[in-house]
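Shared chain: chain A. Partners: chain B in the first complex, chain C in the second.
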Partner chain A sequence: MAEKKQGRLTKVLDYLKHDDPFSKGVAFCPGCGLELLLRFIPRVLGNDIVITGTPSCSAPVLLGQNNQSWHTLSYFGTLMTGAAANATGLVRYYRKAGIDNTVVCFNGDGTANDIGFGNLSGAAERNEPFIYICYDNEGYMNTGIQKSGTTPYGATTTTTPYGSVHKGKNLRRMNLGLKMAMNKIPYTATATLSDLDDLAKKLLKAKEAKERGFCFLHVFAPCPTGWGADPADTIEICRRAVKTNYFPLWEAENGRIRMTKTVKKPKSVGTYTELMKKFNHMTEDDIKILQDDVDYEYCLLGGLSVLEAECQLPVSVKDQGETS
Partner chain B sequence: MSSNHYFKHEGPWSDAGDPLMCTDTGDWRTRRPVVDKDKCIFCGFCAIYCPIQVVEMKGDTHFEADLDFCKGCGICAKECPKGAITMISEGEFV
Partner chain C sequence: MNTTATPSRIKVITGNAAAAIAAKLARPDVVAAYPITPQTEVIEQISTFYASGEMDCELITVEGENSAMNVVMAASLAGGRVFTASSSWGLVFMYDAVLAVAGARAPVVMVNVNRETPGIIAVSSGQQDMISTRDAGWIFLIAEDCQEVLDLVLQAYRLAEDYDIQLPVMVHYDGFFLSYLSEGVDIPEQKTVDQFLSVLKTQPKRTVLHPGEKLGVGSHGILGGYMELRHKHVTAMERSKAKFEEIDKEFADIFGRSYGGQVEEYRTDDADMVLVGSGSMCGTIKAVIDEQREKGVRIGLVKIRMYRPFPHKALVAALKGKKAIGVVDRSLAFGFDGGPIYTELKAFETRMDGAKLISFIDGIANTDITKTNVEKMIQMTGDLADGKDVPEVTWVSYPDANTKGEK
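The block that comes next holds the complex of A and B.
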């Protein structure tokens, strides 16, 4: 009986090889996707990683308060404008000192896509050997839910409210993962919390690929507080984001895109938006605009993955080695 | 638990060897997850999806949340494939 029961255990548990370095009672909102992601990373990659990141919802916990800490990891807090530049300094120091470790630059979408994008882009060009993880909660949550470049069309935030003039954000979201993959860095991937085995595999792949240079993970991590969602729905939101192709799961080695999960019959994006108050006001026409955007981006992704398989990648790019 | 490996030399403020900070998050809860042991098929989905990772394996029969820290978000109940977890109002337990 006991053995039969063991056989059914989810294989995700096999990836959790290390201790949770965080204290049990940590001040993230109930149902926060970021909290699950943050506890998951060191349990998969090990507790000897060095994390660096900027002011955001993750910082109060990662940085600690007064002279006490919420976790036992090494953390280096930086400004929003210089996250990837600071991570560059760290990896170069460790390399000079002969220390072989993993540096993880961990930031929200506001830092990665907007305020700290310049130096992220620079680190990608120089192919710095660290892992950059962006947790995407589609806005500047820590300062009171302002819109960011990855906030989707129609979503209400405190800077894109619903009223007589504006009806949520009237711009399309930017595709951060794709624009990083286009830099032909050793490894780029998207991931989310409903597919934890996929996330674990990608973390481990990134740890390996960082020996060849810059790695970027774009992780969709719902924020129930900012999105007006039921905290219990966090995982379901991720699942539907994947099933509607709102957030497709793929990876790219040296820029070559490969889908890691294909959805046979994608659901309409309305089945995703209905779970959050930030989309409440959207009419059928508004949803159609969002749907068109999702379809367009997915089509582009599919096209790129086919095209890239046909094109010969220059050897110099394929074997891009250590930075100078 | 393994301690701070790289920044130890920086100064006492960066040494996480001291007891970690810990908030009484169990106190935030308005509903608590209650597991029906008979329905539980020991799959562990509740444990992997719990954001604060406090759903623990109890022997090889079932899983149960650590109520000292469970925030009562309800994810475990929602993700359980067997509907073995019910969220019950804390008012029932006073």
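The block that comes next holds the complex of A and C.
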């Protein structure tokens, strides 16, 4: 067992070919999933990426404060409303000027799924050649834990609090990754921090696929502070999210979905929710609603991957690569 | 406007076409835009130039104005020459990025085809969109006719990208009146425009955002440096006034057309009274002034060409010592007795050696500022000069406002 574990670890380290451009101590909460992801990306993709970010938890570290920066990457700190449009502006000018580039548009779920979804959708339509990474912590954490479109059913936030009438979010979460895959962009994938080799592979695939156009990575990144979890449990939360199919790992090339990890005997979603206080109040019936949602989404994903394998990929998708 | 050089190519085109042709002549690297009445023709023309290969740029037909401004902001900060165009609701929809562009000192050039913006979906003329965004930190220029649209867009690039300025420039022209009006426009040759813009290449290179250069834009500047940046923004805006005058002179040497810089004065030298206006109304006002001069009325026009930064020194110099000044606004300022430009000019009244000011509101919601209307304004300004009792504000095309309006 120990040997096998060592083997896995070595495999991840093999992908870390570049320096960590971030300062050793940065202003994130203990156990922050975002920090781990943020440090991981340039170590895999290189320090010559241009990273764009918006007001969010990532902002103070990613965008710098006052005259100081927490890292040595080229970056563009911008607006939540136009994140994908900003990345578009960069890659289009670099292309016109003949400058090699890897632009990573790095945003939370609030920007990606909610306020900035219009321009994310536009960038997908135009097949813009950059990598959009959404770190999904299922809410607006920086402003103090408010509900977003990816906050799951039942979860309490400061705008979906537990009250005597309304008990947490009474709406299902949106499936951002699947929404993007349906655009048949060159590469879409989900990933999380318990499966770093999977994440590293997907980052490298995206770097290669962005030569053909738009790439989208949906990364599940827990927020212990906002979710009421032990900071030591961040990776365990990710692991259980995968093992319960709450957050399945898959990729899609030109929209064709393929599971990158299949869970033979998925655990009940209750084994995932029990790690976080935001689900504390949920009754068995509430958990059943969430379980049904997870099962339905997973079934749909499986169904799509089978259906797509049977369907002929149209030339318009195969040949895409030229932006409008 | 004085024309001295030989015309190169005169074509009868709309203001929108003039804007598109000017953009083409400036050879931008990146153009992003979204359609909106009355601007749409600008991006249609640019798309046609792009499709035919006449324009070698990255053209991004975005999914909304907000993205248009965000695209050109980033492309500009990366080092590109950029262009976009919008109007009214579109300008408002991109407003967060409009502010960000100014703060980042990105030399973006755009045209805004003025249109009303109240909640009654007014597809009609007016400068309310310009007024509502006036303190975004952009340089605002206003064109009177189709020729000036073309000329101002070219001058805007010289101003925006100048190393000592580095500010975004918005060229405004009246929707419906100039956007769709066809008139003769002298279209300069490409090599002449290249020559005019080539000065920028001799200047030091501005800081740009490139891969691997360990450079960032958009820090959380909460404490140190923020006040300094804001002050530098103000001083750069001030510098742009003299720079605009310089560029106008240089433009005249190359293209043979001069407009006078921040303000254009028309028959003001011996005038007792002056109308202050901006945009397309000025053509009508000039025509009426010529007629009134025949009758011995000593009236002139001061046309505002640069609206932000507010050219108060040039305005005071032009208006000082006149007996009466009528300011024509195509928009509203709530809580003030008078239009926005009138209200701003009032702040300098004490420097005008006793000149008295009155406000005219006209030309909003597709009402024409007709010759009759201008005659009425001149009559009232004359009455003011003669010491008669004249209301401070007059809605020229809406008499009810002057009789029933609440005070």
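Here is the rule we go by: the second predicted complex is superposed on the first by the 314 of 324 C-alpha atoms of A that agree within 3 Å, B and C clash if a C-alpha of one lies under 4 Å from a C-alpha of the other, contacts with A are read in each partner's own complex, and residues count from 1 in each chain.
Note that a residue touches a chain if its C-beta (ideal position, glycine included) is under 8 Å from a C-beta of that chain, and two chains touch if they have at least 3 such contacts.
Fair warning: this is a prediction, and the values are worked out from it, not measured in the lab.
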With the two complexes superposed on chain A, say which partner A:G64 touches: chain B (first), chain C (second), both, or neither.
both
Would you check which partner chain A:G122 touches, where first means chain B only, second means chain C only, and both and neither mean what they say?
second
With the two structures laid over each other on chain A, which partner does A:A87 touch: chain B (first), chain C (second), both, or neither?
second
Is A:N47 contacted by the first partner chain B, the second partner chain C, both or neither?
both
Quick one: is A:G302 in contact with chain B, with chain C, with both, or with neither? Answer first, second, both or neither.
neither
Could you tell me if A:I99 is touching chain B, chain C, both of them or neither one (first, second, both, neither)?
both
First (chain B), second (chain C), both or neither: which does A:S23 touch?
first
Once chain A of both complexes is superposed, is A:F76 in touch with chain B (first), chain C (second), both, or neither?
both
Overlap of chain B and chain C contacts on chain A, residues 47-48, 50, 64-65, 67-69, 72-74, 76, 94, 99, 101
Please name which positions on chain A make contact with chain C in the complex.
47-50, 52, 59-60, 63-69, 72-79, 81-90, 92-97, 99-102, 118-119, 121-122, 125-126, 324
Footprint of chain B on chain A - complex, ascending:
2, 5-6, 8-10, 12-13, 16, 19-28, 30-33, 35-36, 39, 43, 47-48, 50, 64-65, 67-74, 76, 94, 99, 101, 193, 196, 224, 230-236
Which chain C residues qualify as touching chain A in the complex?
29-30, 32, 57-64, 66-80, 82, 96-97, 100, 209-226
Partner chain A, residues of chain B touching it in the complex:
1-7, 12-13, 16, 18, 20-26, 28, 41-45, 47-54, 60-61, 66, 68-69, 71-75, 77-79, 87
